[in-house]
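Chain lettering (A, B, C and D) follows the sequence in which the chains are written, and residue indices restart at 1 in each chain.
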């Protein structure tokens, strides 16, 4: 399984091991983490939910697409669901490739595609006790 | 010290911890590893040497430059020296940033600059018993 | 024919339920079903042209539905 | 004046030593010193315009040297 939704903390070292291969000269790991402040508001925690069956399909499709496009089977992505604390990883992408340029490009491709098309939603909890569904159209990272 | 030459194995998990920060939403780690085959020749091992005092200065300058250019203090780079086995990491770059695009760009910048200007040399040992200084002009990764 | 509407995140909160079954005319399209969804209590706040997935794949407005289809109305995604 | 020439990797192997002190005319430039280096046994194989660092910073061919300068001849770098 190269694409995974999980309610457990993401183990990025395990991801690096998953993509290792003797022909690979370059490995790129991307980790998205919960920030203290988003759009100027102090965040206390975050909750991710998903249309899980479809999110799994979309994640798998993105990994397949990245593998074909950049020419390496060594592509994995994990997205966390449920409640996360500040500083925890919400998503991790690991790519290994013989060369560094496509390793960077493939990792970037996976996270950009994920943010565009995987049905996952983020509810932010703020210091003032309010909560809000984050709209990707206004969110940046 | 955000730029380091070392004769010990590179601990990429420690690098990730070094760049962590509560304002950061994105972390990118690049790892370069010793490949089994380079330019079609089967490699058994590799040996890195450096003009160490200058390499240290250049690495530090690249980190400073990346920090200023991409707007984050959370940039580190480690390059291994001495004899390495297949699959071992020769170099690792970690960058954390509030946003993902500059995190990717800064990590890429550091490794590209390193490959251009840091006085480090690579002696490859091949299966047939021969050895050769790798010329970056012909090497790819 | 009956199709199942799935609602998520802010949309599920607005309507108050995560799914609802609707009886729609045979061959109804995605946009026709969206109009019926909009008539549900609380659903007036849905945006004009939301993303829709049919049976876990994104579908265009004109996509004709079949009995038993699972029609998911997808709020702006925010993974990552 | 005396300057120290540093040789690395394939260049050190070609010349057989990692460093050598050379007595050069006062104010000699990098390229003038390179010509003297080329006259060393084994140094004929040095490429036409190698990268040079003076006191740990890259320097142009015309850079004038001072007594005690450390002049490093830098083979094509291959870090990473």
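Note that a residue touches a chain if its C-beta (ideal position, glycine included) is under 8 Å from a C-beta of that chain, and two chains touch if they have at least 3 such contacts.
Fair warning: this is a prediction, and the values are worked out from it, not measured in the lab.
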Could you tell me which chains make contact with chain B and chain D both?
none
Spelling it out: a chain qualifies if it touches chain A and also touches chain C; which chains qualify?
none
Chain separated most widely from chain A, comparing mean CA positions:
D
Centre to centre, by mean C-alpha position, how many angstrom separate chain B and chain C?
49
Averaged over CA atoms, how far is the centre of chain A from the centre of chain B? Could you give it in whole Å?
24
CA centroid of chain C to CA centroid of chain D, Å
73
For chain C, jot down the residues that touch at least 2 other chains.
80
Residue numbers of chain A (touch at least two other chains)
32, 100, 111, 141
Pairs of chains satisfying the touch condition:
A-B, A-C, B-D
For chain B, which residues count as touching chain A in their complex?
12-13, 16, 20, 22-38, 86-87, 98-100, 103-104, 107-108, 111, 140-141
Could you pull out which chain B residues touch chain D in their complex?
32, 48-51, 53-55, 57, 79, 90-91, 111, 114-123, 133-137, 139, 141
Under the stated contact criterion, what part of chain C meets chain A in this complex?
6, 8-10, 13, 53, 56-58, 72, 74-80
